[in-house]
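What follows is a short report on a single structure.
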C-alpha cells in the first residue's frame, strides 16, 4: 500500500544506523499474577525505526510503558545509552530524551494546540513560578524563545491554521498529529509511537508516514513504533520485533520477519 | 462593529503572548479597572462599598485561589475557608509580634503561611484523587479551625479566640474609611488577579492543566506531578490566605476562627462552579453572583411579602430559591458565567454578519 | 399585579443603591438582623418573635412610645458573620433617623460590627452574649452587654452550686465538670472558672465538645470516670439535647447538671425527652406565659391575629420571653432618651445610646411593665454597661420550667477586675483613651 | 481496662449510626456515580416529615398520638415523601445533568441540600422537636451490674435495627429483579443500558431506597438528639467513613463506620486530654487520610491500574 514510498529515503536511513542505545534484557512484567510480558529481550539502535508488532493484547503498549518508566518490570535489565536503570519515573525518562505518543490520544483536552505543544517544552524551561507570575524579563524572553521552537514544530506538521483551537474540537487525525507535535517539541532522542496511524484514512496515513520518516531523517531521532498496518510497518521499519501473548516470537529485518514461520502462524495466522 | 479584531495583526510572538491580545479587550479591561477605581468610589454608598463590593472583591481573590487548584490543576478542595483563616491569623500575628511590620508584607507573609499549610495538606493529593481527595481536604478544614480555637497563642491569648485586626497603614496613610479600604482591596485583588492570569498562561499554568487533563501523559512528557500539584496547592492557598487577611483587615475587622466554616468553603466552591471553572474572569463573576444572590433574594422577598407571609417561611423560601437557582444554573450552563461571557464575545465578534 | 410586584422589587433594589427610606418622621426604626433558617433558626424564630411581638404590643396598646410608633424590618443573617455585616449596612440608613439599635443575637456578628457601630453612632446591645469586656463602658461606649455577661453568669452558677451545698465555702475540694462547646463562645468560661476555682478551692474538669456536638459518648464517659460533683453545661444548639441524652445514657444525674442560659430553653429540653427531667439552667429571664406583659401580648397582638410566632404554643417559652426582654429594654431606652431629647420625636442612634446608658429599670418600673420577676432590675451607668449581673435558675420538670431560685448575683469582686483588665488591654491595643465617666451626663 | 472497653463498645455503637448515614451515600454513588452531599439534608427532611405527620395525624384522625397506628402511618407517609423526593430529584436534577463532570453533579447536590432544608423547614416550621421510639437511652442493667460497664439499650436497639436494614438491603439486591438490575448498573452503566436496563428508572429507585435509609437514620438520630436542623450535620460524620471504606462498598461502609466510631471515641478519651480535647471534629478525617496514604484504594477497594 505504501509502495510508492521513495526507496532512497529508506536506504539513506539504514546507512546512518549506529550503536545500540536501548537494550532490553529478559524483561518480565505482571499485574497481580497476570503475566503481561515474559522474558523479552531486544535492542534499539541509534537512528533506526524499530517496530513492535503483534496481535491485540500481545503486550506491545506494555513494552512502551516499560521503556519510558510508566510500568516497572519485575524482572530484567534495561540499559539506556549503556547505563542500567533501576526503577525510573516517567518524567526522568522524559528528561533523558524519551518522548512518546499514546494509543488512545492523551492530549490535554482543555488546552489549545499551541499550549499542548508548549507543554512539550516544559523540561527545557527554567524560569520559576514567581517569574511566571510577573511575566517580566527572563520569563517572557524564555516563553518567546520556546514559542519559536514550537512554531517550528507547528510548521513542520503543517497545523498552522489550528494553533489556537482547543484540541477537543479537532478531528481524530489532527489530534494524533498534535500529539506527535507535543512529543517532538521535547526534541527527543528516542521517540515512542503507539499506533500513530490507527483509525486514519489513507491520506492521513500517508501524511503521518511522511512525518515519521522526516523526523527520523531530519532530526535523526530514533523511533520505536507500534503499528497494525503491516504495509506501513514493512515499508518504513529498519527492524521489527514480534510479540504474541507477552512473548517474543520474532525479531529482525522486515523481510526476515515476514518469512518467519512462527510469526506467520501466530500473528498473520490469527488475522486470517 | 466595535468589537472587531480585523486589521490587528501580530507581528511578533511578544504581541501574540500578551494578556489581552485583542485590542478591545485591553481597552475594556482598562476601562473596567478605571471605572472601579475612579468612578465607583465617587458614586457608591457606604453600603455598597462595605457590604457588597469589598466582600465581592475578597471572595473573588479566594475564588481565584480555589480556581487555580480545582479549575486549573484539577484537585478538588473543600478547605478554602480554612486557608483563609490561616492567612488572616498569620497576618494578624506578624502585625502583632513584629514592630513596624508593613501591612503589605504582613499580607504576603500571611499568604505564605497559608501556602505552607496548603502544601502540607496537599501532600495526600500525590496518592489520592477525586472525591477521596475532596473529603480529605475536609481534614484541613476542621483541623485548622480547631487548632486556631484551641491554641490561644494564635489569637494573642484572647479569652474568646477572636482577633481584632490592627489599623491598616501604608507609608503613613491610614486606611480607615470605607472608600480607602475599598481601594486598597481593589488594588491588591487587581494585582494578584493579573499575576494569576500570567501564571495560568505560562509554563506553570500549562503544567497544572496538563496534570488535570491527563496526569500520566503529563508525567511522560516530563512534568513532575508532585511539583505541579504541590505548587498548585501552594499558590491556591496563598491566594486564599491573602483573601483571608483582607477579609480580616479590610472587611470585617474582627474575625473568629469559626467564621471560616465549611459553609464558607462551599460558597467559594460555588463561586468557581457558577462563575466558570479554569477562568480568572469567572472567579469574579461567580463571587459577585454568590454574594449578591442571597441579598437580592432577601430584599426581594421583603418587598413582595413583607407582612403577608410569616417571616420564617419567607426565609426558607429564599433558601429554596437559592438552591433551586444553583441547580438551574448548573443545568443551563454547566460551564458557568464565564462561558456565557465567552459566547457573548464570540457573537459580538461576528455581529452584525453572523455568517 | 405581577407588574406591581416587579416594581416593588425594583424599588427595593433601587433602595439599596440610594439607601435611606422615606419614612414617617414620627416612627422610630429598629433594624432586626434575624435568623430563621439554618442550625439556629428555631432559636432565632422565638427570640425575634418575642421581640417583634412586644414592639407590636407597644404600638397596639400604647400607640407607640409617647406617640412615636415603632417600625422595624428584618434582614436574614443565617447566623453568618458576613451576612450579618451586610444586614448591618443595609439597615443602617433605613427609617427617618436611621437604625437606632443593633442587636444581632450572635456573638460572631457582634464582633464583626464592633468597630463600625462606634463610627456610625449606633448603639449595639448584646443581651447575654457578645464581648464580655464591653461591660466596661469607658472603653466601649457604644456596646451594651446588658443584664449579665458570661463571666457574671459563670460566677452566679458557682454561687448557686454553693448555695445548694450550703455555702460557697463548702465548695472546697469539690470537683466541677465543665462541658463546653469547643468554640470562642465555649472558651469564654475558662478564665473566670479558673479564677473562681482558685478562690474557692474547687477543681474544674474541662471537657470540650467539638461543634456541632451531636456525638458526646466519649465526653460523658470521661465525666463518668472523673465523677465530678456537678457538671456545668456550656452548650449551644444540638449540643444541649445531646448532652442531656448522653448524661442519661451514662447514668449521670441530671439534677447535677447546670446549664447556662443558651442551654436552658425548651429547644434544648424538649428534644431530649425524659432525659431532661431534673436538669437546671440559668437564665436572665424566666419562662411562663402568665406574666402580665406576656398576657398583654396575647391580648393586644395575638388577639388581633397580628402575632409573629408561627407556633403560638411557644409564646411564653424561655427564648420567646428572652425576645420580650430585648423588646422591653429597647423600648425603655427609647423612652428614657425621649425624656431628654424630646417626647414624641423619633430619635437618632446617638440619642438612643444615651437612653441605654442611663437606663434604670427598678422593681417598681418592672411591676409597671408587668414584668416583675420576669427579668432582673437593671441600672446602667457610663462605666457599667452590664447592669443587673443577676440570673435565676429554673428546673425542667419534664414538661415546663419551674423557677427554683431567686435572682443570684455573680461575684463582682472577681468579675469586674477581669473585665476592666481585659478592656484596658483592648484599649491599649486599639489606642483608645477610655472615657472619663465623671464628665459624662 | 473496663473503661477502655466501655469507650470501645460505645464507639462501635456510635459507629453503627455513622454506617446508617454512610449507606445512603454508597447506594447513590454506586448506582449513579453521584456524590450526594444532600444525604444529610435528606435525613433531616425524613425525620422532620415523620415527626410532622405524627403530630398532625392524631388531630385529623382522632387516633392515639403515642399509638402504633399513628407511628406506622406517619412512617409510611414519610417514606412516601422520601420516594417522591427521590423520583423528583432524578427527574429534575440528575437527568438534565447526566454526562456532566462529577464536580458539577456534586455541586448540584449541595444546591439540593439548600432546597431540601428550605422545603423541610418551610413546611414543618423551624421548631425543634423531640422524638421517642419508646426505648429509653439507658444503660443495660445486667451488664452494668455484672461488668460495671455501660452499654446503652438504645444503642443496642439501633445497632440491631441497622443490622436488619443492611440485611434486608442485601436480600433486596441479591434476589429481586430490581436489585440485580441495580448491581448491573453499578458495574457498568453502558453495558447495563445495552442489555435494556432502564437506567433512569433504576436511578429513581436508588434515590428512593436512599430516602428510605435516610428515614431510618433520621428516626434513630432524631430520637437521640431531637429532630432539628443539626441532623443535616450527620453527613459530616459519614464522610470519613466513606473515604475509609470506599464510596462504592457497602461492607466498606460498615467496617469503616465501626472503625471510625471506635477510634474517634478512643482518641477523644486518650489523646484528647493532651491537646485540649474536642478533636472528634477532625480526627476521623485525619485517620481516614492517613489510612488512604498507606492504601489509596481504601479498605475493600481493588488496586486500580492506569491503562495508557
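Each chain carries a letter (A, B, C and D) given by its place in the written order, and its residues are counted from 1.
In this section, a contact is a pair of C-beta atoms (placed from the backbone, for glycine too) under 8 Å apart; a residue touches a chain by one contact, two chains touch by 3 or more.
Worth saying up front: this structure is predicted, and the values here are computed from it rather than measured.
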- In contact with subunit B and with subunit C at once: which chains are those? Just list them. D
- With centres defined as CA means, the chain nearest the overall centre is B
- Task: State the chain with the largest centre-to-centre distance from subunit D, centres being mean CA positions.
- Result: A
- Mind checking the centre-to-centre distance between subunit B and subunit D? Centres are C-alpha means, answer in whole Å. 33
- Item | Distance between chain centroids, defined by C-alpha means - subunit A, subunit C (Å) | 73
- When the C-alpha atoms of subunit C and subunit D are each averaged to a single point, how far apart are the two points in Å? 36
- Message: Rounded to a whole Å, what is the gap between the Cα centroids of subunit A and subunit D?
- Response: 50
- Note on the structure: By the touch definition above, subunit B meets two or more other chains at residues 146, 150, 216-217, 220, 312-313, 316, 318-319
- Message: Counting only residues that touch at least two other chains, what does the list for subunit A look like?
- Response: 70, 102, 106
- Message: Which positions in subunit C are in touch with at least two other chains?
- Response: 36-37, 41, 45, 182, 210-211, 310
- Task: Going by the contact rule at the top, pick out the subunit C residues touching subunit B in the complex.
- Result: 5, 8-9, 11-13, 15-19, 34-37, 41, 45, 48, 73-76, 78, 80-83, 85-86, 88-90, 92-93, 107-108, 111-112, 114-116, 131-132, 182-185, 187-188, 190-191, 210-211, 308, 310, 422, 426, 429-431
- Task: State the interface residues of subunit A toward subunit B in the complex, per the touch definition above.
- Result: 68, 70, 89-91, 93-95, 99-100, 102, 106-111, 115, 118-123, 125, 127, 129, 132-135, 139-140, 143-144, 147-148, 151, 182-183, 186
- Note on the structure: In the complex, subunit B touches subunit A at residues 13-14, 16-17, 19, 195-196, 198-199, 202-207, 209-210, 212-214, 216-225, 231, 235, 278
- Message: Quick check on the complex: what are the subunit B residues that touch subunit C?
- Response: 45-48, 50-52, 55, 146, 149-150, 159-162, 164, 166-167, 251-259, 263-264, 294-296, 298-300, 302-304, 306, 310-316, 318-319
- Query: Which bits of subunit D are touching subunit C when the two form their complex?
  - Reply: 3, 6-7, 10-11, 13-14, 117-118, 121, 125-132, 136-139, 144, 150, 152, 154-155, 221, 224-234, 237, 264-266, 268-269, 272, 276-282
